[in-house]
Amino acid sequence: MNKTVKNASEAIHDIKDGVTLAAGGFGLCGIPENCISALVEKGVKNLTCISNNAGVDDFGLGLLLKKKQIKKMIASYVGENAEFERLTLSGEMEVNLIPQGTLATRLMAAGYGMPAIFTPAGVGTEVAQGKEVRKFTFNGVEKEYLLEYALEPDFSIVKAWKGDSTGNLIFRLTARNFSPVVAMAGKITIAEVEYLVEPGELNPNEIHVPGIYVHRIFQGTNYEKRIEQLTVRKKT
Amino acid sequence: MNKTVKNASEAIHDIKDGVTLAAGGFGLCGIPENCISALVEKGVKNLTCISNNAGVDDFGLGLLLKKKQIKKMIASYVGENAEFERLTLSGEMEVNLIPQGTLATRLMAAGYGMPAIFTPAGVGTEVAQGKEVRKFTFNGVEKEYLLEYALEPDFSIVKAWKGDSTGNLIFRLTARNFSPVVAMAGKITIAEVEYLVEPGELNPNEIHVPGIYVHRIFQGTNYEKRIEQLTVRKKT
Amino acid sequence: MLDKNGIAKRIAKEVKNGMYVNLGIGIPTLVANYIPKNINVVLQSENGILNMGPFPFEGEEDADLINAGKQTVTLLPGAAIFDSALSFGMIRAQKVDLTILGGMEVSENGDIANWKIPGKLVKGMGGAMDLVASAKNIIVAMQHVNKAGESKLLPACTLPLTGKKCVKRIVTELAVVDILPQGGFKLIERAPGVSVDQIKRATTGKLIIEGEIPEMVID
Amino acid sequence: MLDKNGIAKRIAKEVKNGMYVNLGIGIPTLVANYIPKNINVVLQSENGILNMGPFPFEGEEDADLINAGKQTVTLLPGAAIFDSALSFGMIRAQKVDLTILGGMEVSENGDIANWKIPGKLVKGMGGAMDLVASAKNIIVAMQHVNKAGESKLLPACTLPLTGKKCVKRIVTELAVVDILPQGGFKLIERAPGVSVDQIKRATTGKLIIEGEIPEMVID
């Protein structure tokens, strides 16, 4: 089952205007750099993007924002982005902010074939407006939960550390973040990897996303892996 | 955070008559052999056991069945067990059979803090009796789903391949099966391992169950790892 | 008339390049032996394997590596192991393209019963209810009639159901039959040497016969 | 009156041996510096870390290893990495013993507002709503009054809520205050050199003062 494609532009060839696109990554950590660049180059428009964050002005999904390719953003935190601010305030872009755990779990629900989940996040807040509230007893306590629906993106793009041609993926450290659930949620899932290997080279015990969830995979190039907040200690 | 205990009998010391106990394993693969032996020796009674299977007559949970320590069994398939048959037919034991995926997902729900989930398994069958049915559109198709509640065992017992003293667990091959979700579901979770190592010896990327879910861990001994259905090819 | 291996061979022709396939216990397991070598198919085992391989060579069995039937198996290159929750997650999410399983009864609207006979000991449904409720494409491998000579293709199932309106195709020792969306068993192929009349007599449910019914080509 | 580090130091005393703790951005992050060395505490970061360590040494930073504030961090022995879904799973399942986070307003029945100021740009709630809706024990680290001199401990929040009836304790530059189950801010401790009257004046919500209020002991 060889799912290898040549490069990002081949991988995203059928991502058309108006589709819903989920992207892995947390801040700039673990984002699918090659796919994003190819989408900028292709110039697809009116995207609904699902991603925890929206990149920064000149990197990550910020590149798509700058070119006004995103119609609607579904995210949990979009702080680091002046262009984002401008587009939102001017009404050029719609934004749907949802709790981070709700976002992760709604994506997971799609990958696990669960049409909806219950979460306590947002009960009693404006996030709950128009949503079904239901009481459950869990862990010995009765409380209210919101019904939240699975997020089923048309396409998912993720970056993994290693992957094989059958689509099995392994992530490195916190570059894992949302990427496994994004990968599992996509109707079509595209993975770019730092190391593309042959089937049999990855340990079957160590796979984070089984290949059945991945439709295309390619060897990424020129990873910048930008650090958003460099914090260090001095050696003493 | 050292969660190491000396052995199985110390690990299970507070498992009392009448508790709900979930056990990892699929058939005889990956079962917590040491914990089961200690429970037999301790002689706790009236257990409600949650496990995909119920062992065989002389191994696995079958050992608890033989000593009539189980009041109720929640499982998906209990085929390989004559004693089980006798206890069920005589009314000495109650049995609740549920679909395998429902069982796995209800345990997962507990570990993921989800009080209930929706599954299509069992819709229109006797499994659906008395349960809430709800329509959702998922993957482009509207169909009916059952509302199923999280399973929250008082204690969970699992066997892992490797574990460290902080409770991080790694499983080997299909001995993984239900064990991660069983481990994550327990109010108190006890893990026995083939190899108990120091913190730092396991690769953080490769952990199947993070230690936060595990309350006690010990180095298991004398693993029999019995094979239920030996099927082989001849070398040609 | 086909033997078990014949049924498995015929079903193997339903398996196409690029498919992820879950094979149930019994005849479905035999299907793996007849999948053409020139296509790529990945076998899923619901206890947590993708890219499951054949039985191990003698002496190379591993107690930690079994299939959903608890038989010792092997892994192929590209294999992945996962827990039971993710396994049924991918099944419910319809990532598995084809499920092949056995049946005790199938009704003309696609209901299937294969887990429980009232009065006999119930062993449990295992993963069957999850599989039939989720799979996009379900093929049932079974005998056309039971040991008492009664048809297993019925207007309605008499045994407790495993799932409703889910079966797409049935392959028996006599025939290949499709379940039409509006209901009814549509005869697609006859087994070698089997007449349409034989199939009619063995089918209690509504059998739809249109035009010439070709004989199966297997091998 | 305490500075930010003083608030962090006082909160560090709430952290007990064996706890799993999630620290929010800002003052809560500073708490890690003051956890006694003789107790074992595991820090959880909601982007997917258990046993998170301090910032890396210069030149040893790794773009693939950040905390929920997107800062480069390190791992301690026994660390585990997991995806965002499992991370919030363990939070919702109440496996995290203590959550410490910042606040804009807290009401006397334990409501918290800390994510949105109407009219200003909304950056998003991140993981805060999940954390406050799930945690068994929530301590809020914040200033007692805002820059305009108005109390942040109110009868009811005026800003959009992050969560309802969830805060158990507040530590400010002036005081330690508990939220009573029946409502009300119960004064527990005064900051060094701060009088009960000062705290009264800075608290708009119902302040409950019973008996002598001890001065905090920090260090």
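Order as written gives the chain letters A, B, C and D; numbering starts at 1 within each chain.
Here, a residue touches a chain if its C-beta (ideal position, glycine included) is under 8 Å from a C-beta of that chain, and two chains touch if they have at least 3 such contacts.
Here the structure is a predicted model, which is why all the values come from computation and not from measurement.
Compared on C-beta pairs in contact, B-D and A-D come out with A-D as the pair having more. The greatest centre-to-centre distance from subunit A, using averaged C-alpha positions, is reached by C. Computed from the mean C-alpha positions, the centre of subunit A lies at a distance of 36 Å from the centre of subunit C.
Taking each chain's centre as the mean of its C-alpha atoms, subunit C lies 56 Å from subunit D.
If each chain is reduced to the centroid of its CA atoms, subunit A and subunit D end up 28 Å from each other.
Contacts with at least two other chains are made by residues 105, 112-114, 119-120, 139, 172-173, 176, 204-205 of subunit B. For subunit C, residues that reach two or more other chains under the stated contact definition are 75, 81-82, 85, 88-89, 91-94, 134. Contact between chains, using the touch rule, shows up for A-B, A-C, A-D, B-C, B-D. Subunit A contributes residues 105, 112-120, 136-139, 145, 149-150, 152, 170-173, 176, 187, 204-206 to its touches with subunit B in the complex. The residues of subunit D lying in touch with subunit A in their complex are 45-49, 54-67, 69-73, 75, 81-85, 87-89, 91-94, 111, 121-130, 133-134, 160-165. The touching residues of subunit B, counted against subunit C in their complex, run 26-30, 52, 75-80, 85, 88-89, 95, 97-105, 107-108, 119-127, 139, 161, 172-181, 208, 225-235.
Chain contact summary for the complex, subunit D toward subunit B: residues 18, 20, 40, 42, 44, 50-51, 75-82, 85-86, 88-96, 134. Interface residues of subunit B facing subunit D in the complex, by the touch rule stated above, are 1-2, 110-114, 164-166, 168, 184, 198-200, 204-205, 207, 210-213.
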